[in-house]
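Next, two complexes with chain A in common: one pairs it with chain B, the other with chain C.
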Partner chain A sequence: MVFTSIPFLAFLGALALLYRVVPRNWRCLLLVAASYYFYWLIGHWFILLLLGATLVTYFAGKSKSFLLVTVGLLISMLVFFKALPLFKTGWLFPLGVSYYSFKLAGYLIDTYWGEMEPEKRLLPFLAYSSFFPQIVAGPIQRPESFLPQVERAEGVSFYTAVTGVIRILLGFFKKFVIADNLGQIVSFVYAHLSAHPGAPLALAFYGYPLQMYADFSGLTDIAIGAAVLLGIESPENFNAPFAAVSIREYWRRWHITLTQWITDYVFTPLRMSLRSLGQPGMILSLFVNMILIGLWHGFRLHFAVFGAVHAMYLTIEALTQRSRNRWYKRSPLANRITDWMGPVVTFHLVAIGGVFFFADRMATVGRLFSHLFDGWSALSPEFHLIIDQPGHSLLFLAAAYALMECLDFARRRFWGKDVILTMPRWGRWSVYTCTGLAFAFTILLMLISSQKSNPFLYAIF
Partner chain B sequence: MDRTEIKSRLNEIFQDIFDDPSLRISESTTASDIEAWDSITHIDLIVEIEKKFKIKFSTGEVRGLKNVGDLIGMIAQKAV
Partner chain C sequence: MRPVTKRVAVLRDVLVVAALSLLFLGLAECALRAAGLKFEGSFYTSDPELGYALRPNAQGWNISENVDYFQVNSDGLADREHSLQRPPGVIRIAMVGDSVTEAKHVTREQAYWGVMEQVLNSRLAKNRQRVEVINFGVAGYGLAQESIVIQKRVWKYDPQIIVLAGTIESFVLRSTRRLTPSKACEHVPFYVLKNGELAPDPQPAEQEQFCGNEGELHKVEGDMMNAIRLLGLVGEGLEKAKEKMRAELNNGRKVQPVENPNFKETDSFLGPASPDLKAAWDVSEALILRSRDAARQHHAEFWFFTLDMPEQVDPDSRKRADFGRSLGLKDLFLTDHLFANFAASESIQHGTLAPGLLAFAEKNNAILHGFPGLPQNQGHWNQTGHRVAGEMMARQLLESSPLLASPLPAE
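Then we have the complex of A and B:
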């Protein structure tokens, strides 16, 4: 049951209604039952792994001597399933294990460091690791933020539910209109790389980061919106990543909950223990940290290279920071130009990293970079077939992408601020009506569209 | 060493690490108030404080800091 399907919407709608009408002390049980039902549908017998890992973590959290052993077990479990495809093909991957094992390991480390009390009740803890909106692709919510909410189990007002639906619709727009269309072009170009001149390669080069952002942030929007309908406020995972003026800032704006997790539990402890080494210690910590972020996506060489490329960017930024600052102070013009060029340069660096992320063979990377500037000569008829489809026109995609950025801007500005409630009655009801119409329109499109949406990129990690 | 003295010495360290002579910290300053204060510069800051005050922090202590006030409190405990 994928998030962008009518059965999922029906399941979510029925559950949200039920959540609203049952007594408060039943709500947590309802969330656990629904989450395990959902996991059974997508993960089948791996449900036992989820349950087992959760129970072991819950009981280990109560006794200090088992805490670190259990963290080791959870990480070994994750490494085992990530490494399995290297040795044996055809094995199924337990969906969500990358996300829930990090949630559980983070809980144990926080308990070990004395930053949180062990959870007393089992039921909220079962809800924490299995919470179905977050199990496919995060966000990786921290226990201190999730557990009190699920224990309070507050009802969801009509207004809050509408904001949840709006957020889900935003995710559908990003996925159906931008990610799926852009994705078809990018995949086509990468699949027949040697058949294309420079322009299609450039299109894939620039298109992939945009597709990835629309896809992953769309999936996150649906997850956050679905959680809102069930009384849970989730952390944000994206904050205008392509507005970042440096790679350092980019990682504070992209897949925020993963970056924060790895920073807290890997980078900071490692950097602290290597601090006597000075700058080499910092560089080593950055490389370990970024390569781990790469490998978290899968144990493949190209993911490790992707991490190393980003570690190299971060190292260069850190080592040149002071001399750059001095230069900016001497030359205000340089400072202004850098301010303006920062996001453009950062986007290009991210796109270069994206090639390593997408292409699983170094030959592909070489081919793309060596022919990137070949120009428009002789576009193949097959490429014309792809690009001439209505949803693939560059003008349409550019307009849709611009609209998405505007919607996201509005989302960042107004999310959680109850602006609709402060509107006059006619304004409020206009919003409700438009949301209803947009929702009905989306369902209608899903019903009449024979073409299935592509799987979410981040749902496989 | 009293808190005011620690704060003024800390202010110099902050100015040096964040390369900004006009920077003024207060007890309530947090990482979100200083743009360049991220996980990388945070440890640079800690290393410099350890050097200047001749003290040592543990990873847990470094993670638990919420604002400059916490940092001053921690230094006051450790520095003689």
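Then we have the complex of A and C:
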């Protein structure tokens, strides 16, 4: 049951209704039952792994002596499943293990550090690790944010539910209109790299980061919207990453909950312990941090290289920070130009990193970069076949992407939880009507779609 | 200023909501168009004699196999407008057939009869003759419907040549109710032979089905669905929902709503090999003779062309051989030859395109059926298939039609 299927929407709708009508003290149990049912559908017997890891963590959290051992166990479990494909192919990967093991490990570390009290009740804790909107691809919500909400188990008002539905629709728009269409072009180019001149290669080079953003943020939107329908407010995972003026800022805006997790539990402790080494210590911490982020996606060389490339960017940025600041102080014009050019440069750096992320062979990377500026004409008939399909026109995709950014901007700027309440009556009714229409059209589009939607890129990590 | 009453305020709000919703729908329509999403148009309407026919002035997108804008003229023909009065110096050819002749997947100029018209006109220009082809083809028609078209529909245009063209599948299997692919509509006419004479074969009472309301409302609905993409989306979405529910009820097996379990397309290659096929052949021959006689009554030439099946013209000889083996057949043109023999015995002018098309496909390693992005050599003729077939038919008409025959320059 994938997020972009009609059965999922039916399941979510029925659950949200049930959640609204059952007594408050049943709601947590309902969430656990629904989450485990969902996980059984997508993960089958790996449900036992999820349950086992959760129970071990829950009981380990009560005794300080087992805390760090259990963190080690959780990380070993994650490493085991990430490394397994290196030795044996054909093994199933337990979906969501990257996310729930980080959630559980974070809980134990916070408890160990005394940042939070161990959770007393098992049921909310089971809901925390298995909460189905977040289990496929996050966001990685911290226990101190999730547990009080699930314990309060507040009902969801109609207008709040509508904001959840709107968020889900935004996710569908990002996925179906932008990510899937861009993805078909990008995949086609990468699959026949040697057959293409420069223009398709450039399209894949620029298209992939946009596809990945639309895909992952779309998935996050659906997860956040679904959580809203169940009375849970989730943390944001993205904040206009391509508006970042530097790579450091980019990582504060991209996959925020993962970056925050690794910063809190890996980078900061490591940086503190290597403080005496000065700059080499800082560089080492950055490389460890970023390579870990890369390897979190899978134990593959290209993911490690992706992390190293970003570590290199961050190192250069950190080492030149002082001299750049001095320069900006002397020349306000340079400062202003940097503000404008920063996002462009950052996007290009991210796109270069994206090539390493996508291409699992270094030969592919070499081929793309060495032929990027080759002839920009004579596109193959097969490439025309791809870009002439409905939804693949570059103009349409550019317009859709711009609309997506505008919608996201409006959401961040003006769209609060209770925004509908503050509207006049005609505004509220219009929002309800248009949301209903958009939802109906989305269902119809899902019905007529001849091909299944591509899997979410981040649902496989 | 008078205070606004509650009722007026509600009415005002409802109007604002309606306006904003309309604006939203307008934007959604623009988005669908900008995305290039197209939905299969609605082109057909009921016909008391033929079961169904093309709806006059219908126009919309055909998206099956190939994307093409399809227009029906004001007389319900898949063609441009034609005057009823035949212009002086013009030889009119009426093309009668099924979906291949309807040619929804290509433009008029690309359709085989459009190509034929161009070739004939270029060859006859020196005689100051002009040929005008009028297309009466309708998808799904069998010989019963085609014979009715020839008897009753074509003569108001005063054609001098009638060309009945179709695949062996349409000429054999769609001749009888028992073997026809679909039982979609009880109004489609079929015949049986009783004492050597054609007699109507009415739909059995237990198979009576609603054929779709084809009144004025349906026409307006069809035209609106063709014009407004959102309605196309709603129509197709609901259709798909029904299809999925039907599949669910059939344990996940995708089924055509009204498929005929007796229909097996490959049977058309076998000739009269079973009692059912023999009965179909007898009806087919009787209907062809009836069509010929109708043409004779109007002093028009009658031509009968068998087109091809994709399996017959696959440039890959191994695939052809495998297909033949799977049917236990040595000759994939068996049915074509049987029709040719029948035509010769009844003095019907006849053309068999499949062997010539195969020769072209083999020589040029050309795929004549199917469109880009779809499995090769399946479905209807592509532009190449239409072109080669049109040229072959034109050549044969120029060689053998008393009206058109003229010395051909060396090829």
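In this text, the second predicted complex is superposed on the first by the 458 of 461 C-alpha atoms of A that agree within 3 Å, B and C clash if a C-alpha of one lies under 4 Å from a C-alpha of the other, contacts with A are read in each partner's own complex, and residues count from 1 in each chain.
Heads up, the rule we're going with is that contacts are C-beta pairs under 8 Å (C-beta built on N, C-alpha and C of every residue); 3 or more make two chains touch, one makes a residue touch a chain.
If you're wondering where the values come from, they're calculated on a predicted model, not measured in any experiment.
Look at A:434: by the touch rule set out above, it reaches chain C but stays clear of chain B.
Contacts of A:252 after superposition on the shared chain: chain B is touched, whereas chain C is not.
After overlaying the two complexes on the shared chain, residue contacts for A:363 are found with neither chain B nor chain C. Look at A:92: by the touch rule set out above, it reaches neither chain B nor chain C. After overlaying the two complexes on the shared chain, residue contacts for A:426 are found with chain C alone; chain B is out of touch.
When the two structures are aligned on the shared chain, A:325 is found in touch with chain B, with no touch to chain C. Shared-chain residue A:113: touches chain B; no touch with chain C. Within the complex formed with chain C, the chain A residues making contact are 177, 381, 385, 389-393, 396, 399-400, 425-426, 429-430, 433-434, 437-438, 441, 443-445, 447-448. Listing the residues of chain A that touch chain B in their complex gives 113-115, 248, 252, 263-264, 267-269, 271-273, 275, 282, 286, 314, 318, 321-322, 325.
Of all residues in chain C, only 12-14, 16-17, 20-21, 24-25, 28, 34-39, 230, 233-234, 236-238, 240-241, 244, 372-373 touch chain A in the complex they form.
Within the complex, the chain B residues that touch chain A are 19, 38-40, 42-44, 46-47, 50, 57-60, 62-64.
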